[in-house]
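Okay, got some structures for you below.
Shared between the two complexes below is chain A, which has chain B as its partner in the first and chain C in the second.
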Partner chain A sequence: MTSYFTPEESDAFTEIFNIGAGKAAMALSELLDAPIVFSVPFCVVLPLDEAVDYFRRRFGANICVVSQDFSGPFDGSALLMFHEASSLALAQAVLHSEEPIAAITELEREALTEIGNIILNACLSSFGDVLEREVATSLPRFLAGPSGAMLRGARGFDVVLVVKVDFSVEGREIEGYVTFVLNVDSVSAFRDAANRLLGTLH
Partner chain B sequence: MSGPRTVGVPPVQAADLFGAALARCDNGIIILDTKSRIVFWNLWMVDASGVPVAAAQGRTLAELFPMARLARIGQAISQALRSRQSSVLSRALNPSILPLHRAGEEREPIEHQAIVKAVDARGGLFCLIQIYDVTDAVHRERFLRQQAGDLMRLADGLAASDKALRAMLEASPIGVAIVAADGIIRFANARLAALFLAGEDNIIGLAAEEFFTHPRNLLGSIAQPIDRMEVRFRRRDGSQLWAQVSAEPTEFEQAPAILCWVYDISDHKKTERDLTGQRDRATELVRARTEFLAMVSHEIRTPLNGIMGTVRMLDGTAMDATQHSHLEMIRYSGDALLAILNDVLDISKLEAGHIRLEKQAFDMPLLIDNLVLLMSARAGEKNLELRSQIDDEIDGQVLADGGRIRQILLNLIGNAIKFTDTGTITVRLEQIDAGETRVRFRLSVIDSGIGIPREAHERLFTEFFQVDPAEARRLGGTGLGLAISKRIVEAMGGAIGLESIPGQGSTFWFTLSLERDRQGHPALPKPATSRPKPRAIRPRNILLVEDNEINQKVALNFLHRDGHSVTVAVTGRQAVACATSMAFDLVLMDIQLPEMDGVEATRAIRALADPVRAGVPIIALTANAMPGDARRYLEAGMVEVLTKPIDPDRLSRAIASAVADNTGAAAGADRSVRIDASMIEALRNAIGSDKVDELIDLFDTTSKSTIEEISAAAAAGRPEVCAALAHRMKGGALNLGMTSVSDAALEIENAIGENCGIAALKQRIGALTDAYKASVSALRKTETASTATPA
Partner chain C sequence: MIRSVLIVDDSRLARMMVAGLILDRWPNARIREAENADQALVAVAHETPDLVILDHSMPGESGLDVVAKLRASAPEADVALVTANIQSSIRQRASDAGCHFVAKPVTAEKIDKLLADIGIAP
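Our next item is the complex of A and B:
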C-alpha cells in the first residue's frame, strides 16, 4: 500500500483530512446546533481489489454511502461509508429522534446525504486549499447496498485512499470511512498536495 | 413545417426563451454573481418570498432577509463560488433555508430544500440556487411517521403480549398445536413436542398423521369443534399416548388451520384400565360364583325334591313313632334347606335381571297391617312389640307386585325381630307424594335393636354379607335377604337404605312409586301364587258325589288316570250313606245335588259318630262362583273348593293336599287342650318315657320355627307353603296325640283353601301357637304324672 505514498505523505494526508474534518465539524455543529467532534485516526491507500475485501470484512453486509464526484487537480469519486447500523445511529442523532431508527427512509436519506455532502466538501476543499486549486464537486448521491458493489462501481480507477473518520455526535460514537477512489494520474496530484503541505510545515 | 433547421433556436431568441422559462419555472431559481449579488430572481421566488424581482436584483440574500439565519446557505454559496463545490440543503436538517410562505392570508410556510452549485457561463462564474417545495412530502412524511410510531407502539405492545403468551404456551402442561389444512404441524409448544417426540425438539413441520395410531382424516373432517375427545396416539418412539383432544378451526398465516389442545391422560387411562380390569375380573368372579351357586342349588334341589317326595310317601306308610319323628326331622331339615336354596335361586335370578313383576290390585295399609299381625307372634316370643304406624290420608289402592313388597317387608321385619332384644318394632307407611296416576310411599321398619356400625351400611345390601358372622350363625339366615330386597326395590324403581345408631336401633326404609288403582279393585291382598306341580300321590279311595253324568265321567276319567278307586254317589243323601258305611280317604262333593245339597251332606258327614269317618276330607266341586259361597262351604267343614270345569292339575293337587294325612279331625273344634292320652301311653310303652320326652322337646322346638315359617310364608304370599307347613305340623301333633294342635293346623289348611283374608289366617296362626304351647305344657305335666305313678 505504501507503494503509492511514503509514510510521511500518508501522515500529511491524515493532517489534511483532519483540517477538512475540523471544518466539517464546525459546519455541522452550527447546522445541528450540537457539538460535533471529528477525528481522523489514520488513512491508508489500497488497490481497489484489496479495498473491496477490506470493506467486506469491515462491514460485512450492507453499507450506506454518500458519494460525490470531484474534478480539478485530480479526478475521482469520494465516498463516505457507514455501516448500516452506524448510519441509523447517525440519522437518529442528527434528526433528534427519541426512538431508534429502524430503516432509512426519505427523511434519513436526505439528512445523511447533506451530512456526507458537508463532510466530503470540507475534506476536498482542504486539498484544494493546500494546492491552492479548486476541487469542484458534483451533487451528492446516496446509495445503500453491499459494500463490494459500491466500490466495484468505480471501475477504471486503480487505488482507494481510505480515511477512517470517527464522529462523536450527541454522545454517540460513530465510525465511518471517507474513501477516495482515484486513478494513477490523480495519485500524483494527491502526492503533490501532500508534499506541498509537508513543505509548508518544514 | 418542421425540418432540421427549424429545431435550433436563434441565440438571442434562445436567451429570451430560457430567461422566460426559468422565470416561470415551478421551482425557485436564484442566480448570484461572484459577489453573491442576485442577478436572477424568478417569479416563484417572488410569490414565495414576497420580494419583487426589481427589489431583489443586485441585492444579497442577507440584505433581503436580515432577520433570517442564513449560515448554511451562505456556506454553500461560498463553497460554490470559491471552489465550485455543489451542496444539498435538506429539509431534514434545515427547517428553514429562506423565509418562504404561500401567498394568501394564512402565510403557510413553504417546506423546502435547496441545491447550491456553481455555474460557469460566458459572463463568468455564477452560483445557481434551486429551491424545491417539499411541503406535501413533509406532511406525508410526518403523517406516515406518526402512523409508523403508532404502529411501532402497537407492535411493541403486541410483541410484549405475544412474548407473554408464548411464555405461557411454552410453560403450559397442555400441548398446543396449529395444524394446517395439509396436515402439517405449523406451530407447537414445547409441551407438544415433549408429548410426541420425547426428547427431540422440533415437531414443527412434521405431519400430524405420523402420530395417529391408524390413518384417519381427523383434521380434514373438523367442521365442528372437538371438545375433549379421547384419542390414542403413537409417539415417535412407538409408545402409546392417550390424550384428551380439543380442537377448533382457526386461521394461521391467512390460511385455514386447526388449533388443537392435547392433554396427556395416559396415566388416567392406565389407572382406568387397571380399575376396569379389576372390576371386570371382580364382576366375572361374582357372576361365576352366582352361577355356580345357582347351578349347585338347582342340582341339589332336584335330589332334594326326590328326598322330600320320598319322605311324603313314607309318611303315609305304617311306622312307629320314632321312625315318624325321624321322618319329621328329615322333612324339617329338607324344607329348611329348600328355603335356603330358594333364596339362592331367587338372588341368582335377580342378579341376572330375570325378575318378573306381577301387577295386582291391593291395599297398601291393609298389606302392612296383615304383615304386622302375622309377625306379631314371632315378635311376641321375644317380648317385643310389633306395631304399624300408617299415615292418615293414604291413597292405599295400588297396582303392584304385592307379593314382592310383602317379601321385602317380611325380610326387614324378620331381621328387626332377630336383632332386637327389647323394645318396639314399628312398621311405618308414609305417603311422600301423590300424583294423578302414581303415588309414592316410604316404608320403614324401625327397631330398637343392636344397631349397625356405620362402616357396614354400604355392604349390608350386598350378597352374603353379615355384620357379625358369629352372630349370624347363631341366629341363622343366608345373608341374602337384604340383597334380595335391594334388588326387588330397585327393579321396582325405588330406593332402599338405612339409618342406624349402634346400640340404639336401626331404621330400614325403602321408597316406591306405585301405580294407583283407579278401578276400585277389592282391597284384599291376593297372594301371588305360583302353581306348584301336582305331587306324586298314592292311589286313594275316593267318594265322588256328582249327579251330572258328563261331569261324573270327566271327574272319573281324571281320578282313574291317577290310579284312585272311586265310588260314585248322585245325591247328598247317598253320599252321607256311603260315608257312613264305608271308609274313604276323600270325598269330592258337588254342591247342587238332588234331595240334599253338598253343604248339608257335608254337615251330616261331619256329624257322624265315627270320628275318622266324620273327619274325612271333603272337597267342594262347584260351578258356583259367587263371592261368599266358598266361605259357606268351608264353614260347613269342606277343606277345599274347586270350581268347574275341573282342572286336572288342581284336582290332583287338592287331593294330594287334602289326603296327605287322612287322620280324621273335626273342623271348628274348640281350642281347649285336647290330648289323646292313649297315644302317649302307647308311645311310652313302645319307646320309653325318655324318648317321648325327647320327642316332645323336639316337637316344641320344631313347632316354634314351623309357626314362624308359616307366618313368613303367609306374609310372602305363598299359601301353599303355609298349608304344607301346617299340614306337617298337624302330622307331628297327631303322633303325640295333640288333637287340639292338629285341629288348629287343619283350620289353617282349611282357611287357605278358602282363600281367606290375611287377618283370618293370622288369627288361626295365633290359635295354632296357643294350642301347641298349651299342649306341650300339658304333655310335660302328664309325663311328670306318669313318672310319679308308673303304670
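Our next item is the complex of A and C:
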C-alpha cells in the first residue's frame, strides 16, 4: 500500500478495516453460533492486472465470490472471496448440516450470499460511520468461476484495494478475502477520507 | 401473545431463520412470507399482521421505502426493520420512520429484545 499511501494513511485504513472486521466477526459469530477469530486486516493496493495474478496464485483456477457494489463517498465493488472448499465448509456451518456439503445448490448459494451480505455490510457500514457519510450498497450477488473474470467483471475498475482478512470458525479452517475494487478517483477519495479521519485525531 | 407475523425478505434462508425463531416462541403464530415490497403490501391489505419483520435491502423498493405504505395500510402493526446495513444513518432513518431496528443476523436474543420492546412477552 506504500506506493499509493503514506504509512500514516495505511495505518488509518487498517484501523477502519479492523473496525469493520470486528463487526463482521460479531455478526458471523451470531449467525453460526460459534466463536470466530478474525486476523488483523492486511491491506495492499494493486493495479487490476497484478491483482488478477495475486488471486490466481492464491486461489488457483476457481473461486466463489459474493459481491456488492457501493457508492457514496467513493464508488466501487466489494467482494468476499473464498476457495470453493471454504465456501462448502461455511455453507455447512451456517446451515448446521451434519454432513459435509459436496456441491453448492440453491440453498447453499442463498446461505453464502447472506453471509456475504452480512460481512460486506459490516465493513461498508464501518466506513460510513467512521467517515460520517452514508455508503449506499446494492443487493449481494453470488458468483463462482475464475478469479480473473470475477475481478475484471467488477464494473471495469482499474485498481484493486485488497484487504486480506483470515478467519476461522471453531476448528474449521476457512480463509476468506474481503476485497474492494475501485477506480483511481475513488482511491483518492478514500485517501482524502483517511486524512480527514487522521485530522480529527490530531 | 402474538398471532400473526409477516416476514418480508428476498432471502429464503433469512425468512426461514426468522420464522423458526418466532415459531419457537409461539408455535401457533400465523407466519406469512413476502419476497419483496409489492408482495408485502398485498399481504398487509389482505390481513393486518401484529408484526411486520421487514428486510431493508430487497430488489425493487427497499424496506425503508415501503414503510410509509405499510403503515398507511396497517397502522396498528408494529414494524421492525431488519438489515445487515448497520450504519448509524440507517438506524436513524428507521427510528425516524417509527420502526424497531434489528441488525442481521437475527438471533433468538434479538427476537426476544424486539418482542420485549414491543411489549409482547413469550
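In the analysis below, the second predicted complex is superposed on the first by the 191 of 202 C-alpha atoms of A that agree within 3 Å, B and C clash if a C-alpha of one lies under 4 Å from a C-alpha of the other, contacts with A are read in each partner's own complex, and residues count from 1 in each chain.
Throughout what follows, contacts are C-beta pairs under 8 Å (C-beta built on N, C-alpha and C of every residue); 3 or more make two chains touch, one makes a residue touch a chain.
Not measured: the values here are computed from a predicted model.
Peer 1: So in the superposed three-chain picture, is A:Glu8 touching just chain B, just chain C, both, or none of them (first/second/both/neither)?
Peer 2: After superposing on A, A:Glu8 lies clear of both chain B and chain C.
Peer 1: So, does A:Asp185 touch the first partner chain B, the second partner chain C, both, or neither?
Peer 2: The answer is neither, since A:Asp185 touches no partner chain.
Peer 1: Using the touch definition from the top, say if A:Val135 reaches chain B (first), chain C (second), both or neither.
Peer 2: In the superposition, A:Val135 contacts both chain B and chain C.
Peer 1: Is A:Glu99 contacted by the first partner chain B, the second partner chain C, both or neither?
Peer 2: first
Peer 1: Touching A:Asp49 in the superposition: chain B (first), chain C (second), both, neither?
Peer 2: Once the two structures are laid over each other on A, A:Asp49 reaches no partner at all.
Peer 1: Tell me which of chain B and chain C touches more residues of chain A.
Peer 2: Here the partner covering more residues of chain A is B.
Peer 1: On chain A, which stretch or stretches are contacted by chain B in one complex as well as by chain C in the other?
Peer 2: Comparing the two interfaces on chain A, one with chain B and one with chain C, the shared residues are 27, 30-31, 94, 107, 110-111, 113-114, 117-118, 121, 124-125, 128, 134-135, 137, 139.
Peer 1: Could you list, by residue number, the parts of chain A that touch chain B in their complex?
Peer 2: Going by the criterion above, the answer is residues 27, 30-32, 68, 72, 94-95, 99, 102, 105-108, 110-111, 113-115, 117-118, 121, 124-125, 128, 134-140.
Peer 1: Tell me, which parts of chain A touch chain C in their complex?
Peer 2: 23, 27, 30-31, 94, 107, 110-111, 113-114, 117-118, 121-122, 124-125, 128-129, 134-135, 137, 139
Peer 1: Could you pull out which chain C residues touch chain A in their complex?
Peer 2: 10-14, 57-59, 83-90, 103-105, 107
Peer 1: With touch defined as at the start, can you tell me which chain B residues reach chain A in the complex?
Peer 2: 71-72, 75, 79, 82-94, 113, 115, 117-118, 137, 141, 145, 149, 152
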